[in-house]
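Below are two complexes that have subunit A in common, paired first with subunit B and then with subunit C.
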Partner chain A sequence: MGLCLSVGFFFSAHQVQAQDRTGMKTSVAVDLVGEFAGNPDSEAVDQFVPRSIDLMFYAPIDHLFDGTLSVAAHQEDGAALVELHESYVGSDKLIPGLKFRLGQFFLGIGRLNRFHQHEWPFISTPIVQSRFFDDEGLIDSGLEVSYLLPLPFYLDLTLGATNGFVYGHAHDAGEKPKAPTHYLHLLSFLEFDAIDFQPGLSMLNRNAADGSKMKLVGMDLTGKIRSGKVLRFLWQSEVWQRSFTPLDGKEEISTGAYAFPQYGFDSGAEFGIRFDYLTVNTKKDATGSKVGNSETAIVPTLGYRPSEFSTWRMAYRIEKIESDDTDTIDNQVLEFQATYILGAHPAHDF
Partner chain B sequence: MRIFVLSLVSIFLGCGSSNNGSDGDDSTFSFGNKNYVVIEQTTLNTSETEVDGTGSFIAKDALAAVASGNHFHIVGTLKESSTLTLNANTTDSNTAGLQLNFQNAATVLKVSMEFGGNSVDLTDKFAGKDAASVSYHIDIHNDETPAHVLIWDGSVTEFSEENALFNSEDGPAAPGNGSGSFWGVTLTDSKLTKLVVGEPEFEEE
Partner chain C sequence: MIFKTLVLFALLNLSSLALASIKVVTTTTNAKALVEEIAGDLVSVDSLTKGSQDPHFVEAKPSFMMKVAKCDLLVSIGLDLEIGWLPSILRGARNAKVMQGQPGSLILGEKVKPLDIPHGGVSRDQGDVHPDGNPHFMLDPVRAGELGVELGKRLSELDSTNSSQYQKRAKLFHEKMLSLSESLKKKIASSGIKEIVTHHKTLTYFLNRMDIQSIATIEPKPGVPPSASHILGLIKLTKSKATKLILIENYFEMTPALRVQKEVPGLKVQSVPVSVGGESNVNSLAQLYEAIAKSFN
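This part shows the complex of A and B:
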């Protein structure tokens, strides 16, 4: 019902927007996904559903500030749950080289966290993203400031602090943390002939209400080779290490990464393979012996993008959970995705 | 020579079908083809098919991580006034875990959830359940805050929210999150006949 209301509201707003001259743009991004069992032990739900429907409004508020509002409907317990995704005011016109966001937003760290899920170049969430952040990305309310440092090369520094009452998937308002979630992202940009690179370095600290402490350090690297309008080659990767110390527990260190090389054809077809890896470095058994463990995935993905307004993908995910002390879990899933955007489309980041 | 004789004697004593605290200082045992480490030995008697008495132990194999979701199937019997406690996401000294307590209180099954000195009574969710014989499936999603706990009757095979006797998302909420990557059990004059851990049965859509 909520989903119907949202979609109905969008069409009303879209019709209004067609007539107004305020510069407000609207869009609806629909992300349809399906997953089906690829082996007898598969955890696939054998369903094709709308994973999310994002309704976005963005516009200049006045000569200084811009505003963004996005509402998303997700499938939860068989029903569409409508929730606020982003609601922030920002500006890049106050001080040269400086921009800020105030409100609720996806935290500007790493690579995937900075993009809506329907904009990702693959269907499923990489293991490291799912374990360390959320299946979709970290959302919180706070202030984020970015400054293009006055250096002879491109280096953008982002600092942010958010409420930190919750972290990742939550069904309540959470509790006041010992300190706000705070983070840093250093982002550069390099050009080598036809190859453009965007390397980044991220850090995040969280001191939760229950006394647990979490530190994340990560590196992200995105590389692109374009041939005319065709994205001939894409490299996207992130490596993260997490230190998590519960109030009365021992420090647990985990390391995870994914890498996704993709080749693009003139026809709009693209083919890539994602490699996922995650391990708990400090895992030991009750006698104190170190326990080797890993979660891995290989995800060949075939896509077709006739324009920036629609994408069609299919993939086969081969996941393994291995540990010295337990049986290997083998999970294979056939994935499908169709995404489309109605209305305007925000400018693409690199 | 004396050491050799003593070794033979200890091997001989160790060949019995059960162990208890008075047998020696052996701190590990096997139950249901899984290995456990005794943390507190009062009167624990262990065999491959049951553990009874009073004491506590943890599984030798750790969970995937502190912030992980796991499923437990626990079957046992409770004498009057006896208790059986599942310690999920506990430390290697069986402390700071999220505890689920089952107690036979004058033939009424009392159930509570406890963490860090805070206790939540769940007894009304188990009204009419046999206090002497417990069999429950339990999902503890310690990767959510607070931990998401679901408890189903031992006979359930479809692990949905609708079939759960208790779902902490519907309240009352869990009093926190376990602080370790181990799991264990504490018995007080009770008996355990089955103990299984695995991947969580319930997944959020």
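This part shows the complex of A and C:
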């Protein structure tokens, strides 16, 4: 697992803000993660390392535009890498109901992809996220526009187009694709007395330089019950289906999902269990018969959050890779995590 | 036929424009109650939070973004009370006219002289300290009266047609609050209580106005839950000072205060509303101040 440091810009403030007179805010988010073998066949690295360190800057540029820059430090193959994560200019002041960003950013689709990894409610990356988007999520350069539709209920439409030279985490320039990566995200909100839900629908298309075509369709659902400082209950889930067709090849369809219910206690402790599932729907053997296969994981996670600026977690990941044509792989990993934020912290989105 | 339909449609739209009033959104019910005092039925007003909620910790719901996206005036408390959630609401609402610095944004905290401004360096090890001062000034009847005047001015700028009404109502409210403050002060003085303990520093402005001293808080630091040693310290302190009253803001747990009460003879623990709507019979700022004052007797 790579070391990823994502910096989020945050303003918050019953705390001292890292801010100067130009409105510049800075923050550093550190994500320390340990993985240790839970069974003899485990793939765990038996190491405790800083997974990522994100340094983020945010400021109004002038009366119309805001600018964001985030730089992340990772450890990959034993070497420390510092790379640009996000660098974009945007505005929410030009047209009522509309905001946009232009530059390099995490694509605004799904749920996890819209948040930096240190803000996720669990330690490891869900299988479906890892397979379809890469561990850290999709970063690319382009234009993304979001519009709050003028309706009596909440409906936010995001449309984006990015270069598409690369997909996921890459350290090279990639190749010019047949068409830019383009995507859509539709978000709504359902409010009840006891609980609120935010459902979302995402679609993404990519026609790569090698002629392969990929289509992703997904749904995300987040539910919350908050009681003052305590997030009493959290439900977070995503379901994705991917269609991948190589040039001169057959279409491969995969479906994956994760669901994470979590309960929060008054003391700041929280307990959740993540369920992961992924299957290649179109997997066939040499005779053309369908081959049953699945990757699953159950990840009970115990956390402690003394404030919004630090999180301590411990989890046990039980993964299984099963297929009719191969032996089952059993991978069990004991996970630890400590995250902390120095400097300004942003207001939280739902 | 088409012409008639178009004329009818235009007339309907014009009539709806004539009926349109300023849409005000407030972050708290106390600010909403202030708007109701100054504007009455001249504006429509909605609060993002409920009176039973701790305004420090609120979920940034997209439904709030909808409300802020459509409003003409956003009245917030400021002094970092809403810092954990309002910026997210504003980003999602994408309504340039209510962003900070615009006529459609009224931050009440910028119009008051705050208490509890920390001296020297401030850092997170002091808990959820508000570097610019205590944001619970709406619990001071006198400051609320003064803020009513400020609100009247802003509403007059946005809706000059009804300017005289806003100014008149603001003046009356200010006078009413001055008078109420004096009568509550006398009422509380008659209880003989001079010192109390609260959970958080929510009641600082009210107590300051009523000449009551807050000798300690159940929280060892703002936003930090009490430890066993802090509770023991409170027992010792309240015993030594013969403290008679602990007031708990009604969205906090009573348990730690009840632990103290168990060890201190004659100590009363009382839950109080600190926001309009925090109790079913508290529907205005005056009723709120009276409810808090009543807890002393």
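Operating definition for what follows: the second predicted complex is superposed on the first by the 331 of 350 C-alpha atoms of A that agree within 3 Å, B and C clash if a C-alpha of one lies under 4 Å from a C-alpha of the other, contacts with A are read in each partner's own complex, and residues count from 1 in each chain.
Heads up, the rule we're going with is that contacts are C-beta pairs under 8 Å (C-beta built on N, C-alpha and C of every residue); 3 or more make two chains touch, one makes a residue touch a chain.
Values in this document were obtained by computation on a predicted structure and should not be read as measured data.
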Partners on subunit A (subunit B, subunit C) - clash or fit: fit
Which of subunit B and subunit C A:198 touches, first, second, both or neither: second
Inter-centroid angle subunit B-subunit A-subunit C after superposition on A [Cα, multiple of 10°]: 170
Contacts of A:285 with subunit B and subunit C, given as first, second, both or neither: first
Touched partner set for A:244, first subunit B, second subunit C, both or neither: first
First, second, both or neither for A:56, with subunit B first and subunit C second: neither
Touching partner for A:148 - first (subunit B), second (subunit C), both, neither: second
Which of subunit B and subunit C A:293 touches, first, second, both or neither: first
Smallest separation in angstrom, by C-alpha atoms, between subunit B and subunit C in the superposition: 34
Subunit A residues touching subunit C - in the complex, by the definition given at the top: 11-16, 92-99, 148, 153-154, 156, 187-189, 191, 196, 198, 224, 226, 228-229, 266-267, 307-309, 346-350
In the complex, subunit B residues that touch subunit A: 28, 37, 58-62, 64-67, 91-92, 95-96, 116, 143-145, 161, 169, 173, 176-182, 199, 203-205
In the complex with subunit B, residue positions of subunit A that touch it: 43, 45, 75-78, 131, 166-172, 174, 208, 210, 212, 244, 246-250, 252, 254, 280, 283-288, 291, 293, 321, 323, 325-326, 329
Touch list for subunit C against partner subunit A, complex: 53-54, 56-63, 65-66, 69, 80, 83-89, 91-96, 99, 122-124, 128-131, 222-223, 225, 251-253
